[in-house]
Every structure is written in C-alpha cells, then in structure tokens.
Amino acid sequence: CPPPGVLSLCHCPPAWGRAARQPPSLPLAPCRAFSNNKVLVELDESSGVATMKFKSPPVNSLSLDFLTEFCISLEKLENNRACRGVIFTSAVPKIFSSGLDITEMCGKSPEHYAEFWRAVQEMWLRVYGSNMVTVAAVNGSSPAGGCLVALSCDYRIMVESPKFSIGLNEAQLGIVAPFWFKDTFVNVVGHRVAEHSLQLGSLHPAPEAHKLGLVDELVPEEKLQEKAAAVMARWLALPDHARQLTKSMMRKAVLDRLVAHREEDIQNFISFVSKESIQKSLRMYMEMLKKKKS
Amino acid sequence: CPPPGVLSLCHCPPAWGRAARQPPSLPLAPCRAFSNNKVLVELDESSGVATMKFKSPPVNSLSLDFLTEFCISLEKLENNRACRGVIFTSAVPKIFSSGLDITEMCGKSPEHYAEFWRAVQEMWLRVYGSNMVTVAAVNGSSPAGGCLVALSCDYRIMVESPKFSIGLNEAQLGIVAPFWFKDTFVNVVGHRVAEHSLQLGSLHPAPEAHKLGLVDELVPEEKLQEKAAAVMARWLALPDHARQLTKSMMRKAVLDRLVAHREEDIQNFISFVSKESIQKSLRMYMEMLKKKKS
Amino acid sequence: CPPPGVLSLCHCPPAWGRAARQPPSLPLAPCRAFSNNKVLVELDESSGVATMKFKSPPVNSLSLDFLTEFCISLEKLENNRACRGVIFTSAVPKIFSSGLDITEMCGKSPEHYAEFWRAVQEMWLRVYGSNMVTVAAVNGSSPAGGCLVALSCDYRIMVESPKFSIGLNEAQLGIVAPFWFKDTFVNVVGHRVAEHSLQLGSLHPAPEAHKLGLVDELVPEEKLQEKAAAVMARWLALPDHARQLTKSMMRKAVLDRLVAHREEDIQNFISFVSKESIQKSLRMYMEMLKKKKS
C-alpha cells in the first residue's frame, strides 16, 4: 500500500479515512476545519455538508500539490459518514480555477508527467464518481481543468457576471482535451454544443454558459453560498442509497472508460507533452502569462 | 406455447391475434369495443386508431392483472391489420397511472416477484417496440411506471394544469429506476436532465415537464382527445413500413439491451425487493398512502 | 490504384492532390478557380478558404456524376495545404440540394446501385471526416441527402426565409434513412427530435430548423456569404492540429460504424432498391415530379 500523498488513493483508503468513521471526539463543535496549504475544508456536521475552498493564489491552478491535497481531502470526506455532500468553491477572488498547472507540463521528466497526469485522472475519477452530492459554486472564471471540476459535479451554480467565463478551451492552446473531458462535457451539454465548443476552445461568459446548459443556475455573487446550501439541502432530502445507485448508473459507462484505458491515457499524455512543438508553445504561453502579470 | 394470459406473449402470437387479421365479420359497425376489467379498448376501424383507456380505480396502478390485460389488449391491436395507432389515456379522473402496484412488491414470494417483474418488462417491450403509432394523452398525474408508459410512446400530450405532474420519482421512495427506465428517459430528455431528475426523483408539473421535453405538447383538458386524434392523423399520413423501420432503428439498441439482460434484471429485482429494509420502507409507504386516503 | 473518377479516392490520394502541396506557380493570383460540370470551386489562397458551389440545375440532385466531382474536388482541397476551410453553397436559386438523384435508383443494374451507393457513402465519409473547417451556407431548400451534406458540416447557416425547408424526409417517400444519416442527425439534434423528425419525414422551415438546432444560425439571404466568411474566420483562428484532433475525437465513433459496415450497407441498399414495390413507388414519385414541372 503506497504511503499517503501518493495518488493511488482510490484503491487504498488511508488510515485517517477509516478513523474518520469513528464518532467525532469533540461532539459539541458544530464545525471542524482541517487546513491544508491549497485547499480549505469546512465540514458542518449538523447538515452533513462540507465546503471545499480552493485557496492557491494567484489562480488556483491544478498543480500536483493541489491535486494531491484535493484528493486526500475529498477522500477524507468520502469516508466520513457525517459528510453527505460537498460544495466546491474558490477562496481566491475572480477565479474558480485556472485549470491544469502548465509548469507541471514544461521541461519535466516523463516520470513527472506520468505522476501529474495520474493525479489529474484521480481528481476526476473521485469527483465524477463521488457518492456524495457535489455542487460547484463557481465564483470566478473556470477554464479547462477548472471547468472539468465543475462539469464533474452534480449541479453547477455560477455568479451571473458576464466577466466570468467557463469552458474547455484547450484547443485555444493547441492542446486536445482528453476523451474523458469530452465524455463528461457531452453528458452535460449534448453532442452538438460540445463539438462546437471544444473545436473552438470556447470560454463562455456565465449567461451564455447558462443558456447552453453548461451551468444550471446563475445568481448574484452575494447569494452564491446561500443558493449552494439550498440546492444541497434539496438533494440531501433524498435517501442516500437510492440517489448514489442512480448516480452510478448514469455515470458508470464514462467512468469505466477511463478506468479501462488509464495507463494508455497516461502514455498518450507523456508522448504528447514531450513533443518539442508542444513544449515550445507551452513555454510561449507561460511567457505571455508572465508578461501579462507584470 | 404458453396459454393466453401468461406473459411470454411476445414470442408467441395467440390465436385471436391471428384471427383479428381476418376481415371483420361486422363491417357496418364503425366502432368495436372489447371490455376488460382494467383496460377499455375502442378501435375505430375507419381511422385505424384505437384508444386504450386505463380504468383501474382509484389510481390505475400497474398491478399484475392490469399489466396482463394491458399486454393482451395491446397484442390484439398489434396483430390487427385494421389498427395502425393507439392512444393511451385514463378513464380515472386526475390520474394517468400511479405506476407499479406496491402491493405486488410486498410480502410476496420470489416467484410472484419474478412474474410481476416479467410483466412490467413485457409492458415496456411492447409499448416501446410497438409497430403502431403510440400517443400518450396524459390526463392526470403520472409518476414512476406511469411516466414510463408515457415515455415509451412516440408522442406525449399532457393536460396543461400544473396540478398534474409526471416523472420517474423512484428515488423518492428509496428505489432505483431500472436501467431501461433510465435509457428510455435519456432518449427523451437527454443525459443532464435525466441525471438531475432521476437523482432527485422529481415529479415535474406539466408546464415544467413541457419545458424539459418530457412531454411534447400541453393542451386544455377539454381539447386533449381532439389533439391526440389530430397528432395521430399526422403520424398516420406516413406509409407504415418506412415509419416502422425508422422507429425500430431509433429504439433497437435500447430494446436489445433489456432483451439481452432480461433474466438478470428479474433476479436483480427479486433480490432487491426481498431485502428487509426495502420491504419495511414499502410497508411504511403503503401505510402513509392508506392514512392519506382516510 | 484506381483511375481518378473512381470513388475509392479515400485510400488513394491522386497525383494532383500531392502536386497541390507544391508552392503555387502563380503566387500573384489571389483566387484560382477550377471548374467542373456540376461543382464550382473557388479557393482564396490568402484566407485559405474555398467555396464549393453546387451548380447542377434544376435542383442540384446528387447524381453519380455530381458525387464523383464533389468528392474529387473535396479531395483536391483536402490535400492542398493552402486550403484550411470550405464553404458549401448553391449556385442554383432556391435550392441547396434536393438530395439523392432518384433516376440513379430506378431501373438500373445491381452494379450501378452499388457504384451509386458507394459514392453516397464516400461523400459523407469525406465531409463528416474532413480535416478542414466545413460550413454549410444553406441558400435554399435542402431535403434528404441535401440535408445530410449540411448536417455533416461543422456549422450550418441558413437563409431565414420560411419558404426554404430542410430535413431528412425519406420516410415521406416510403424510404428509410440509413443508420449513418440517423447517427449524424442524432449528433446534431439529439435523440427525441431525431426520432420525431425521421419518423414523420419532416421538412422543417428555416425558423423551425433553427429552433430545433438543425441549423445554427439564420441570416437574410444577402448576408449569407458574408456571415459564412465571418464564421469561417472565427473557426480558422484556432490552430488546425488541435481542432482537427478534437473533431476526429467527436466524430470517430460514427464514422467508424459506417466504415465497419460499408459493404453490408451497400448490399442492404441494393436489395432494398431492387424490390418491385420500391421501384414502383420511385417511378410514381418521378412521374409526379415531371407533372409538377410541366
């Protein structure tokens, strides 16, 4: 069994996951916060709802560290009987998550690429396949991998501002979204919209995203957390077991497809990202981002 | 060849089915009614349209008796060359059908559960795979199995009243809709809507059901039969053969999936419904219904 | 390697395809036109956009000659590195294309039916699988095979006039649309709409087609070419390689299905079209068209 922090968590529940099933030692505390570097988790044991806040400034990019902490935190919640639902949101203003961290894909070893890609897969497998009710409270822009996190939830609420946009914009960077990004997207918006949006690498402003069905609901920013809690309460009114089996029935085919091709998908990523042409365009993109900042 | 009334009708057209292909012995009678206990069928031989009215008060629940009569009646029509289309509607005020009869699932033997579930499968296979044009004229609420009957038709018209609702609400009762309910639903409303609606066990008021595409058209109650006849006439304007092959092409994959897993699906149902926890919650639900009535 | 004009072009790029990759010998000419009998192609090498105009009066029907020229022209563009996108439109007023030429299906030999059907398949494989950006500028009615051409593009713009209609109306003629017509249609409009529309053989007036998602955008006739150019420019702003791989990912399953069953599909067509009942109804349909004209 690999040590905690290594990302084959799926098949090996760590000790604290099992420990979490014990009755809480401080039953009077209504909220228990356990902090990490990248992700802040608050569990309200009275409602059974956790909030997971991304706090990795400047843009909550999905680095290997972020993904590791994200998966460990999610696993803790998954194994905690007191937790039935989780709300994902951002603690960084104006951005939900900028998606995969490009620095993890630039000038690194094949082993590093493999480890990174396995962590990306793991994140998706855990969110898309979660037994908990998952709600994305999208309080900022959410391109690429950030959009994937939202797409993998049961329900998406977004701040109504047209300044915030969301989409799988990989094609804009000369990259192709993996097939499981695509499968998840098609399940949400249908084939035609997915085809257009993926080919154009579209980032849809919130009102457009709502029209396309990419997000389920728009709210003013100050109402977001309240709305997310209300949606969660509606979903938690259902008995867990029937809801979980129903969710699994709906998502199993798409989840199984990655599980069956996981190693192949990693090899594809390594050989793609190792290409000099891709390395060059990623370096140029990073340069551009740096200039933009300064 | 099993005797009539046993539900392997699909593979064994009964004698009266073949007899019905003979020229009618009373050519002057424009309408021929053959009555049953649970289902009333009227065939207008001039238009080739039958109306099948559910008349099993109080709520047209799909009992084994109801399903048996339903399948026999449908088979008669299917084998009757004078019949090209069938309209399903209710003779009971305010309810189309309340879905599967819970008394068939409570405190019975495994053999009974098997017989009942086979009848439910048979009903769906016959309606979803019918060569006739099938129109649901939904004149009342239509939860669970009642919704399935409507979903399996070619076209759904519903009374516009928001007091009437429709949906696959199994999850509300702690039950999971079978995969073929789900497949039928996804074919009608798409993946995202199906996922939300099934997980929440939603019963959609008619106007909402129309917005989601769950029903194709809303009309005032007094216009329902007229509208159903008009829709039917439009569909019957097409040559039968091409329409039937087209319908089969669209629905074959989903039909074949149940046919391939039929016995497995029956075993699943038996082992699920035999669980003490499920029996308990069904008994509680029945108690609640009884109290509601009195 | 078969001579040009024979329709196994897919697996055998002809000499002029490869030659076209050479630098153009007349670099000053901004537009190069190479004319055929049925199809007029203009390539603007500065933008990389070709326009393919159907000019086979009276109704641009998809005859064997038309399909052969269409495929050869498309292959030339596909192999020409100067060409990145193609706009399909009609040079015949009021009609985009009337679909398959019925005279090819009437009173001919099985060998002819096979050759014709292979050409229809080839056309679809080439358009649906094109590496170029494909835009349909639908400036007239577009039934059956004409609709298929439009459905196979990346984007559909149609003149907003309700006088022009589009749809797979095969069922109206007593014919069944092949499974790959259906697959293409379902990918564009979803399962429920496809099921209704195919069974009814519906021809949707432009505004209705837009509501159903069958066309992406409506414009006044005088704005059509300008709009098509603008849409094309937006799609060509993306790097080709990522866009092409994304498109292939979206369409591969449906393309592969025909490739795997191509000979079987040809045999189906031959045996279907050879039936006396079908021959009779096609002859009657042709008589009706002739009377309409005179």
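Observations
The chains carry the letters A, B and C, assigned in the order they are written, with residues numbered from 1 in each.
Keep in mind that, in the parts below, a contact is a pair of C-beta atoms (placed from the backbone, for glycine too) under 8 Å apart; a residue touches a chain by one contact, two chains touch by 3 or more.
This is a predicted model, so every value here is computed, not measured.
In this entry, chain A maps onto chain C through a rotation of 120 degrees when their C-alpha atoms are superposed, rounded to the nearest 5. Homomeric contact chain B/chain C is classed as different-residue, with under half of its interface positions used by both copies. Here the spacing of chain B and chain C, counted between their Cα centres, is 40 Å. In chain B, the positions touching at least two other chains are 190.
Within the complex, the chain A residues that touch chain C are 170-177, 179, 182, 190-192, 194-196, 198-201.
On the chain A side of its complex with chain B, the touching residues are 154-155, 186-190, 213, 216, 234-235, 238-239, 241-243, 245-247, 249-251.
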